[in-house]
Amino acid sequence: MLNTIMSPSVLSQLSIHSRHGRVCVSPCFSLQQRNNSTSPKIKVDLDSSTGVAVLRMQSPPVNSLSLDFLTEFCINLEKLEMDRSCRGLIITSTLSKVFSAGLDIMEMYGKSPERCGEFWKAVQEMWLKLYGSNMATIAAINGSSPAGGCLMSIGCDYRIMADNPRYSIGLNETQLGIVAPFWFKDTLVNTVGNRAAELSLELGLLYSAPDALKIGLVDQLVPEDQVLSTAQDTMSKWLAVPDHARQITKSMMRKQTIDKLLSNREADITNFVSFITKDSIQRSLRMYLEMLKSRKA
Amino acid sequence: MLNTIMSPSVLSQLSIHSRHGRVCVSPCFSLQQRNNSTSPKIKVDLDSSTGVAVLRMQSPPVNSLSLDFLTEFCINLEKLEMDRSCRGLIITSTLSKVFSAGLDIMEMYGKSPERCGEFWKAVQEMWLKLYGSNMATIAAINGSSPAGGCLMSIGCDYRIMADNPRYSIGLNETQLGIVAPFWFKDTLVNTVGNRAAELSLELGLLYSAPDALKIGLVDQLVPEDQVLSTAQDTMSKWLAVPDHARQITKSMMRKQTIDKLLSNREADITNFVSFITKDSIQRSLRMYLEMLKSRKA
Amino acid sequence: MLNTIMSPSVLSQLSIHSRHGRVCVSPCFSLQQRNNSTSPKIKVDLDSSTGVAVLRMQSPPVNSLSLDFLTEFCINLEKLEMDRSCRGLIITSTLSKVFSAGLDIMEMYGKSPERCGEFWKAVQEMWLKLYGSNMATIAAINGSSPAGGCLMSIGCDYRIMADNPRYSIGLNETQLGIVAPFWFKDTLVNTVGNRAAELSLELGLLYSAPDALKIGLVDQLVPEDQVLSTAQDTMSKWLAVPDHARQITKSMMRKQTIDKLLSNREADITNFVSFITKDSIQRSLRMYLEMLKSRKA
């Protein structure tokens, strides 16, 4: 299912975009400045009076989903899931202008097949834990959220986005010559319907916040400084519903989609690894990395 | 699939609502004043010149779906289905402010497993007969229509609702700590799409008539005194289509959803019975009944 | 799956419509003036600088989908599909007011079962080739497009229609007493969702261009003289996406629907032939033909 081709023409397109001064969250794959510190990439605050945890992604510059990041994310999610005092989870970013820029390209470049497989398994794990969570989950999307960032958002129960047309969200993999795997696609179809998902995935569209609202990719837009507080207010409505009934209903809605990945998990990893370790793809990744570096300079 | 927990917090919520003076159709489960008369709960008028039957639900105070009501409903539906002179069916209510308040709570409280199973089989039968009817079916929704009333509405081919924001419709089971079974869910997904159904079922949302129109839960709003006449006009358009072609098309659209219940019918009954006869659920039902009674006083 | 009944009441309805002066593209089935010339019914221009082919349907009066037309269409499609220099396909009509009026009734009247089967196989082939094409495909719908013309349109990746309320589009088979087969239905559901498809197919609705936009049956309306140029502009956006990624994504979205016909192809043909060769249907077709002829006179 997963296949990728990085085309040089797309890479040059990206660099043209940056020359024209767009807010430039590297779409789809992102390059983090390596940070050898062991400072946590994620901060969690659980309010035991409300039962609501706020998970803040704080890994500059763009909350790239590296293996370390995903591991930390999943450990935190699991802790909250096991904590009976936690009923609701709000996910947001501490960074300016970006929620998450998606999968970290450095996890796919020059790495062994074993390491690539480990990385992809962590991407799967993030989605499985989030889409199937027993907690009520709200994405407080206070910045751009392409590719993996979009996947994280549509893995939640509800999406509130900053009402800023410069922020965008979408599964734009195709624009970079790669293909969103079937479970990205299934989650998008479940959210916006078949036709909007088809158009969106074939063209690799990034939607501005207002356009994302129009197609139902997000549920609500609010002024940027009210994203978190609105998420808190909304969460209290979700928690007014008896947990058990909400959880069984959520499972009834999502189980089939989750089971599809669970029964194809190894094949999905094998596909990813055999693709990403191809010489042609590695060459494309190198070109892409060099482009990103030159853009920074 | 079906599981229920009644939480005291929800019950107190409901009583707070009634204190604040909302039009109070007991949502989801309703409590009928027992009526030992054998007067029919349903009145059917078939106009042999047009081939259109109007089925009026006339079981005060809120057209609760009791076993007696459902049995009468199904017998009438079956008669019309067999009557070759009847091509179209309009379902409406003679009561002020309410179409149907849904399943009768008294059928689930203090009853033997056998009786509970008989009741649930009748609920299934009502939906199977309606969703799969060869007649063109229009719901003329002249009042609120929560839970089972909503199921009856979305079982029809077309929904016309009174344009009154005080009337609401929706599958609000989750609000009461119970879960709509898979075939309620499937019917809702077929009507409003996956995402609106997910949001609606997880939160147990009741939509005001205008909101119901927005998400496609009803097809048309008209002034309250024109609900039935508009249904008659609309029916004439449906009957302009050759019956045979319309019937085969309807079956093509709905067969898969119907077959899913048909092949899981016994398991669905077993699930319901084992759930509803639990001590904890029976205790919750008693509390709910006492709350409804005190509200009347 | 496929079944048809032509009812005289519908036929007389049609003739009433024409008396009232509506632009009258024979809906659903069309009657071509027989043209014994071997002049091509289709003209293809491939711009090798852009990689975009424009396929013009030029079979007056209404681009009926006859066996000859469909064969020519499929041969052209196959040539372009094999031509590595061709990446995008725009389908439009040279005729005034009509894109295509759908399947040619003459292919179904008084023909042998073998010939009917050959015809239906060609209809299947047209859809299979178009819906599964590796090219980016855009329908430039510059006129009415009922039944088979609508199927051709929704087989493309994107639909641009002339902003003229007198032009209509839809799968209106039911109005004529016949039933769209399951793969017409599946394609429509994939495009407009389950509920809009259900309503549309049960009533055999033809949508004016503005209404078609509202339900998502077409993607964009533009002034009539800009349909083709807008299609060209739009195509350049589609071709900016790397072909390989777009193709794999398209296949991921459509494969299941295509496979369903592929594994039921012979049964679908058998159904069609046994239906269309029935005496009652042949009588209805003759009445329909006579009505169309008298309308011309």
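Should a chain be cited, it is by its letter among A, B and C, assigned in written order, with residues numbered from 1 in that chain.
Criterion: a contact is a pair of C-beta atoms (placed from the backbone, for glycine too) under 8 Å apart; a residue touches a chain by one contact, two chains touch by 3 or more.
Please read all numbers here as calculations on a predicted model, not as lab measurements.
If the chains shown are joined wherever they touch, the resulting network links each chain directly to all the rest.
Mostly differing positions are employed by chain A and chain B in their mutual contact, as under half of the interface residue numbers are shared between these two copies. Centre-to-centre separation between chain A and chain B, using Cα means, comes to 39 Å. Of all residues in chain C, those that touch two or more other chains are 193.
Interface residues of chain B, counted against chain C in their complex, comprise 157-158, 189-193, 216, 219, 237-238, 240-242, 244-246, 248-250, 252-253.
Residues of chain A that touch chain C in their complex: 1, 3-5, 7, 9-10, 13, 173-180, 182, 185, 193-195, 197-199, 201-204.
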